[in-house]
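The chains carry the letters A, B, C, D, E and F, assigned in the order they are written, with residues numbered from 1 in each.
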Amino acid sequence: MAIVELLQINLLSPMVLAFALGIAATLLRSDLKLPDELYTTLSIYLLLAIGLKGGIALAETSLAVFWAPALATLMLGIIIPVVAYTVARRIGKLSIADAAALAAHYGSVSAVTFAASQTFLDTVGARYEGFMPALVAILEVPAIVIALMIAQMAGGQQGGDWREAVRELLTSKSILLLVGGMVIGWLAGPRGGKEVAPLFVDLFKGALTFFLLELGMVAARRFRDLPTAGWFLLGFAIIMPVINGLLGVWFGSLAGLSLGGSTILGVLAASASYIAAPAAVRIALPQANPGFYLTAALGITFPFNLALGLPLYYTLATWIVR
Amino acid sequence: MAIVELLQINLLSPMVLAFALGIAATLLRSDLKLPDELYTTLSIYLLLAIGLKGGIALAETSLAVFWAPALATLMLGIIIPVVAYTVARRIGKLSIADAAALAAHYGSVSAVTFAASQTFLDTVGARYEGFMPALVAILEVPAIVIALMIAQMAGGQQGGDWREAVRELLTSKSILLLVGGMVIGWLAGPRGGKEVAPLFVDLFKGALTFFLLELGMVAARRFRDLPTAGWFLLGFAIIMPVINGLLGVWFGSLAGLSLGGSTILGVLAASASYIAAPAAVRIALPQANPGFYLTAALGITFPFNLALGLPLYYTLATWIVR
Amino acid sequence: MAIVELLQINLLSPMVLAFALGIAATLLRSDLKLPDELYTTLSIYLLLAIGLKGGIALAETSLAVFWAPALATLMLGIIIPVVAYTVARRIGKLSIADAAALAAHYGSVSAVTFAASQTFLDTVGARYEGFMPALVAILEVPAIVIALMIAQMAGGQQGGDWREAVRELLTSKSILLLVGGMVIGWLAGPRGGKEVAPLFVDLFKGALTFFLLELGMVAARRFRDLPTAGWFLLGFAIIMPVINGLLGVWFGSLAGLSLGGSTILGVLAASASYIAAPAAVRIALPQANPGFYLTAALGITFPFNLALGLPLYYTLATWIVR
Amino acid sequence: MELTTVKLVTIIAEAVLEERILHDLRQLGARGYTIGLARGEGTRGIHASDWEGKNLRIETLVAPEIADQILQHLATHYFPHFAVIAYTTDVQVVRGTKFQR
Amino acid sequence: MELTTVKLVTIIAEAVLEERILHDLRQLGARGYTIGLARGEGTRGIHASDWEGKNLRIETLVAPEIADQILQHLATHYFPHFAVIAYTTDVQVVRGTKFQR
Amino acid sequence: MELTTVKLVTIIAEAVLEERILHDLRQLGARGYTIGLARGEGTRGIHASDWEGKNLRIETLVAPEIADQILQHLATHYFPHFAVIAYTTDVQVVRGTKFQR
């Protein structure tokens, strides 16, 4: 399929349109407000559902197939934050804390972008490995730890206790639900999975669409901070994902992933965390400005990846993966 | 089918029974309380789902078929508030503000009554045009604007800014979700719609049932205000819908709608808004008494339409539509 | 099937695993927190769904079949609280209020344990009578009333008004939803039921799994109180259910219930209420210590029944029911 | 503008007590109340079912003598067995009569 | 540590008024606000749609003269037609300047 | 009835800080607390992830000297980097000892 056609498929999918509706609602100053509890509920649901499906698939995967993609993912989790930190510090002239905060976000991963990429690939008919959610779990944590360690070594950390932050990170809800869901799926297997499939599988795309409506509103609220963020941040939030996406696709193809699987690893690398990273960074690097890292991750990179990134990384994958 | 049989089908449907359970819970002073957030979530879901389905249908409708029903609906939106205002003012001797408030509510439309009418028609096996949700959107706003303008001209408005109220009305959540859902459905088309159908189509009737449980409790709380409302309001809240329903069915048949479609247009005309209108009226006509308009719309007309109105307007349609 | 195999099936079911994840989340001091509103919503949903399914089944049940199990259940509701009170008072040396509180909880029933037992039986392929939810409703109230009367007669009640408590009990949300759902199901019948089945039937097991995640967290928070509860309570909370379970299975077989039905009656007898009883007891017996009755019912008996009780009572039933 | 001083009584109580406390407030002469949800911990730490939800934070503006009666009543009927605390503050309002009997 | 006394203005208002009241507070010189959800009953008991949700409990810390203006403004523009009450209290804060113009 | 005056300390803080602040309150001698949800805006306007939820409104009744220490502690450790404000009020309670060390 040509990239124009892929773009069209993606932009006219209910989930991207719902995201746009959320943005429109905020820009039109509508009084639409989703309950906070709905937002939390949908997040929990999505993370658990992603984990569950991954666990069921993992139960049927041999280690021989899994080790190479796992290693490739781990390496991405180490390389990306280092690159991101260096770029933000050298080119962007950001403070140590702000640079490390960006590194944590772009090294980690957005579960919703991941879910959207699965839906996109389903629609274009590309297949991917079932164990991909396990890679989400692998990529979520290391980059954040590395970014906090960089800040610690560079002396940019005051007040925050990074060891405590890492402990909290490992038991944070996103990790717990993702890994917990995976363990449940792995132990319960396909038979147990079938019992809960009407909730966790059939409703997944609808719930994702609903969630993106809310996320559109959250992202649009971030737009206000764009002017103060400056040109560097805008460039960073668009170019960094493309570089990371390319890296992810390439690593995926080297690790023997399929076309769809490499696309997803590209998406994972390109995506910026907006759940685990912000919470950890807020605690461990309080002097970093959320107006920077949240605006970049949620206000620019997330919409970019959702609307343009998915077809882009897929196209890259069709070139790279043989 | 005889009207007795229709009545029985309707009164024994899960949604009407759930509404009755909600009323019973309140009258028995049970401690059952649905979380406010659930109420909001279900409202958002229902409006979005109605819009989505309408949009998908609209994508397959030609303008040649659509213009006449659209025009008929618009005319209802102009005629009904004028009639309602005159009746409330002349016969009911209500104040300008109270009369205009009633006009706004009865000219506008209740999305839940609409949804209930679809479920009813599905059950009795009558078919209707897929684009009906578009008519809900068309009928929702004009009557409210007209009623506010009448109040403005009659000098009954103080303090409230009606222009601001109209702006807020156009970006209010009910309009935004209904129209936004329609645009999403229209752009995503049947293919995109299929992806989210398990959430937005399959669960619709169940969610409506759940919502009616809550609405039964809300309506029953309004019953307390009945004694102070007086006989005029009681009569108004039952006779006005019947007249409007007849008008709607007749306009529908003139515009070439099917039996089911004419029934629904009758239901739309007969129904009184309890989402968009109350919010707009509260802001623009603060001196109007909510004990009047909410009690009429939610405490009398809504239960009347749900229990007796649906089979009644359908029977009227079987006589009028050839 | 051997009990080891049954245990394995049960312990590896998604719902038991989700419960374990909830416990793990609390013990690891994760920041995972389900919104209170979600907890309430799921409770309401589960009770209504249980009632609905029971009502539909009841519509197709003749009184000739139903009276014996109903009577057996009622007798359990009288015998269990008397036994539990005596044991707690004589052997446990608890205060009148604390003993009566325990009697109320263990005589009444846990709807979620009931739901879990249905899922378990579905998985092992055992069939059961459709009217079982009606027995839940029958067993829920009497034991609580009897326990409060015992406390009243024994002079252990001060301050609380037990008549008021009984009135509130009869209109409490759990009774209202269970009985209300049953009436709806009974009146709407299979045709009406089919309309709402995607929400109330298909999603049931998934919702139960989600709910057990939360309940695992609630139960684990109770673990803190275990040390202060003492050995008697620990023993009581494990031995009492086993005795009650045996009693329930036996009564069930005498009343002519099937293997599955007898298992469920055993589960009902063995389960301890954590919705209706705590609320009623808190009001009518304020001097009873919630650290006792909630820890026993929710912190010990519920996990025990969920993990080990279900296969145990089923095995007992295979011996007793011919 | 003339301001009057009235008493704001704040009550933190377990959720099961809602109806009871509101009933008592009305009896004692309060002419309105505002309720918010809260959770918390104290020294007793006894709590009813989680199903009943968290604590309530009840506020009522009343005349000083009524405030006293409310505290007295709560101290007698609720403090011994229930997780309830209460305190009063002086606040200024525009129309004092609205909050007095 | 040096503490400054500022005024805490608490407003209980029906939810439809949120945007309006926050706008007015800003105009009158408040430099921040905190909102919580609440429900309640009073003497008027008029309420807009349940869909609009319950009451809001708006709090703002301001200098005394601004507190007066806020009460005045609410009394004129909101008390006649809307379900709104408001009261002020003296509170102590560390950095008084943060809450003054 | 004898009333005692104690201090009510109210803290508005971003939700990520919950555990930390409660831990500090306990350390400083508070014997209980009540938490409600809130949202708001101030002068700094820095906020962590929306996922973490809104602000918290933490209240604790303590003896005057502890109230001072709490304000001091918050001013040193939280005000510089976090979206936190705090204020104290005098309130009257029935059993003053419940809130003192």
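By definition in this document, a contact is a pair of C-beta atoms (placed from the backbone, for glycine too) under 8 Å apart; a residue touches a chain by one contact, two chains touch by 3 or more.
These figures come from a predicted structure and were not determined experimentally.
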Next item on the list: Starting at chain C, figure out the least number of steps needed to reach chain F through touching chains.
Entry: 2
Next item on the list: Starting from the Cα centroid of chain E, hunt down the chain whose centroid lies farthest away.
Entry: C
Check: At the chain A/chain B interface, shared numbers over all numbers used: above half (same) or below half (different)?
Finding: different
Note to self: Let me check something: if the centre of a chain is the mean of its CA atoms, which chain is farthest from chain B?
What the structure shows: F
Next item on the list: State, to the nearest whole Å, the distance from the C-alpha centre of chain E to the C-alpha centre of chain F.
Entry: 20
Checklist line | Whole-Å separation of chain centres (CA-atom averages), chain A against chain C | finding: 41
Notebook entry, point to check: Distance-wise, how many Å sit between the C-alpha centres of chain B and chain F, to the nearest whole number?
Noted result: 47
Item checked: Where chain A touches two or more other chains, by residue -> 31, 35-37, 40, 203, 279
Note to self: For chain D, give me the residues that contact two or more of the other chains.
What the structure shows: 36-37, 89
Next item on the list: Spell out all pairs of chains that touch, sorted by label.
Entry: A-B, A-C, A-F, B-C, B-E, C-D, D-E, D-F, E-F
Margin query: So in the complex, the part of chain E that touches chain F is made up of which residues?
Written below: 1, 3, 6, 8, 31-37, 61, 89-95, 98
Notebook entry, point to check: Which of the residues in chain D end up touching chain C in this complex?
Noted result: 14, 16, 20, 46-54, 77, 80-82
Check: Hey, which residues of chain A end up touching chain C in the complex?
Finding: 35-37, 40-41, 44-45, 48, 52, 168, 171-173, 176-177, 180, 183-184, 187-189, 191-193, 195-200, 203, 279
Item checked: Touching residues (chain side chain A, partner chain B) in the complex -> 12-14, 17-18, 21, 24-25, 28-38, 119, 123, 202-203, 205-207, 209-210, 213
Note to self: Can you tell me which positions in chain A touch chain F when the two form their complex?
What the structure shows: 36, 39-40, 43, 159, 218, 274-275, 278-279, 282-283, 286-287, 289-291, 294
